[in-house]
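Structure in structure tokens, see below.
So that you can tell them apart, the chains are marked A, B, C and D in the order they are listed, and the count of residues begins at 1 in each.
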Amino acid sequence: MASTIRVRAIANGDTTEVQALIQHPMDSGFVKDAQGQLIPAHFIQQLTFEHNGKGVFIADWGPAVAKDPYVKFAFKGAAKGDELKISWVDNKGASDSTRAKIQ
Amino acid sequence: MRGRFVPALFLALISAALAAGVIVQAATAGETPNPAADAKAFRDFYVKKFPNVKLEDFVNGPYSLNEDMRRQWQEKEEFPPYEFALESGKEMFATPFKNGKTYADCFENGGIGVRQNFPYFDVKQGEVVTLELALNRCRAANGEAPLSYVKDDMASLTAYMAYTSRGKPFDIRIPDDPRALAAYENGKRYFYTRRGQLNFSCASCHVQSPGERLRAEILAPALGILNAMPIYRSEWAGMGTISRRFITCNSQTRAVPEEAQSENYRDLEYFLSYVSNGLPISGPGARP
Amino acid sequence: MTRVLLIASLVIAAAAPARAASEADFKAAYAAAEAAEQEAGGLRNQWITTETTLSAAKTAAEKGDFDAAIASAKEAEALAKASIFQAASEKERWRDAVIH
Amino acid sequence: MSFSIEQFSATRRLVLQGAGTVVLMSLGNLVAPPALAAANDNYPEEAFKQKADKDAIQALYGRTAEASDKVKLDAPEIAENGAVVPIAVTTTLENVTSISFLVSGNPNALAASYAIPSGTLPSVSNRLKMQQTSNVIAIVEAGGKLYSATKEVKVTVGGCGG
């Protein structure tokens, strides 16, 4: 199935700006559904960005991160054409990952 | 002195006529409907009320009227939440029906860059046809079950079609057909009619108090209010079609909403789109 | 003496059917409210509050609390009538709000 | 900023067409490879369980933070919607190793915590959920010390409540 991770990585000079949007409900466990039942907590706990096998950005997330989460950061030491590996794992043990070429 | 009597007399006459059940509709309707004049007056009203908002910026609704909200919108637009709907819409649009045809076969120019012409008045059917109605009619014509007007699939399709029309100005036509004029007028009537226990009309919020706060939200101007449709609303944490928006707006005033794509809703969309002619399509949009 | 008997019988007459009559009263009040809401429906101008009040009346009646049920039914009828009045008055008044 | 259509749709095309721009090769649902499992071990479970922001900071970093104007916290005055509140932080402090965001008014204060390896710039943007009007706190760990910035964000529902 298509990846749940959308990434945009753009290099200008030595700095690469990375934006990611991930398709995930990020249920906090505090919200009730239409029938008044609590929707169980279901959220991404860890999101990792790796370049050449080295972690460049690791996010530890709680249930307060918005649905379809977005994050933006920048790092040095990569060049156009390099590859970024992005992966996440959630509190139910589900996971997904993808690779993106830096533009 | 004489002048004062005439209106009193006139009023007595009118109420008498009404009481006698004589339809005085035409007489009190005043001038015959003139959509072009309406559209001009509509646009001038907002340009005068918000002199420092550029005309095409009205399509950004609340974000054209409040700086704090605009910054939050610009941040969302960096990587907008409707991205997923847009992609699934593009995929759905290209996926052939069981009979091999696709949506492209139902629309001129393959459905690409045509959103700004909807809704249009279908002279054969004698009714306003909106993009959502056309999509479901296309499905029916190809033996497929219709999509819900308020659920994600329809919103994904209209999101993709809107995206292909981004920047194109609304181009809504009223053909020389009394039924088209009547549909336009009906939409206008609906827009200005108060309803619900809170006794609001669409105009109460979007004409009398755009830019005002409604708790967390800023009311959007009616000019260009449909240009960004369909919208991803943080409130719904999901996509919403024009049908879904009209239904929720009605329930906000505690009026029982009509069924999606009812005649009133389609005429309302016809009126709102016509008076926004010339403003660019900016859908799909992100809203609070 | 006869006057006393008369008053006594009146009181008994009034009290006895009170239990049964309120069910019938509820049905009548509810029917009136529903008719008014139907009429509002014909004008495509119903209110959500009317419908919630009508269902409150029904649930109260199901619980046997006919006093509350009748009160809600009457309120629902008033709401429905108000929405009918709103539709009638707005029939022409909407023109006053039009941007010229 | 005027609404410039060209620049606007250019960025969208960037994502959408993907031809020669961002090539997305999905590895699908990986069964948690070892690298992932390892990363999961140091997930600060305790810190995310804390109710109050002070306790969460203590659990996460083992010390308290001092306010510093070198930490620039960007958050809206009134959130357009508590479900999606754009919050960002940037700092001029040197050798930053970690950045965290806390929302005091949420059931659990700690919202997100980011490891900033050397070579990564000390600035993060993200979108958080806020239950009610509350202080948002950004924490920056730099050179072994903790610095913070705080801003109140008003949160309420929208609409006239049908």
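Everything that follows uses one rule, which is that a residue touches a chain if its C-beta (ideal position, glycine included) is under 8 Å from a C-beta of that chain, and two chains touch if they have at least 3 such contacts.
Note that the structure is predicted; figures quoted are calculated from it, not measured.
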item: More contacts between chains, A-B or B-C; value: B-C
item: Chain centre separation in whole Å, for chain D relative to chain C (CA means); value: 55
item: CA centroid of chain B to CA centroid of chain D, Å; value: 36
item: Multi-chain contact sites of chain B, meaning residues that touch two or more partners; value: 78-79, 81, 83, 87, 196, 237, 251, 254
item: Sequence positions of chain D contacting 2 or more other chains; value: 15, 83-85, 88, 125, 127, 162
item: Numbers and ranges of chain A residues touching at least 2 other chains; value: 2, 6, 8, 67, 70, 72
item: Chain pairs in mutual contact under the definition given at the outset; value: A-B, A-D, B-C, B-D
item: Touching residues on chain A, where the partner in the complex is chain D; value: 1-3, 5-9, 15, 26, 28, 30, 45-46, 48, 50, 54-67, 69-77, 87, 89, 93-101, 103
item: Touch list for chain D against partner chain B, complex; value: 1-3, 5-6, 8-9, 12, 15-16, 76-86, 88, 125, 127, 155-162
item: In the complex with chain C, residue positions of chain B that touch it; value: 28-30, 38, 41-42, 45, 188-189, 192-197, 199, 201, 203, 207-208, 251, 254-256, 258, 264
item: Chain A contact footprint on chain D (complex, rising order); value: 14-15, 21-30, 32, 35-36, 39-40, 43-44, 48, 83-85, 88, 103, 106-108, 110-117, 119-121, 123-131
item: Chain B-facing residues of chain C, complex; value: 44-49, 51, 79, 82-83, 86, 90, 92-95, 97-100
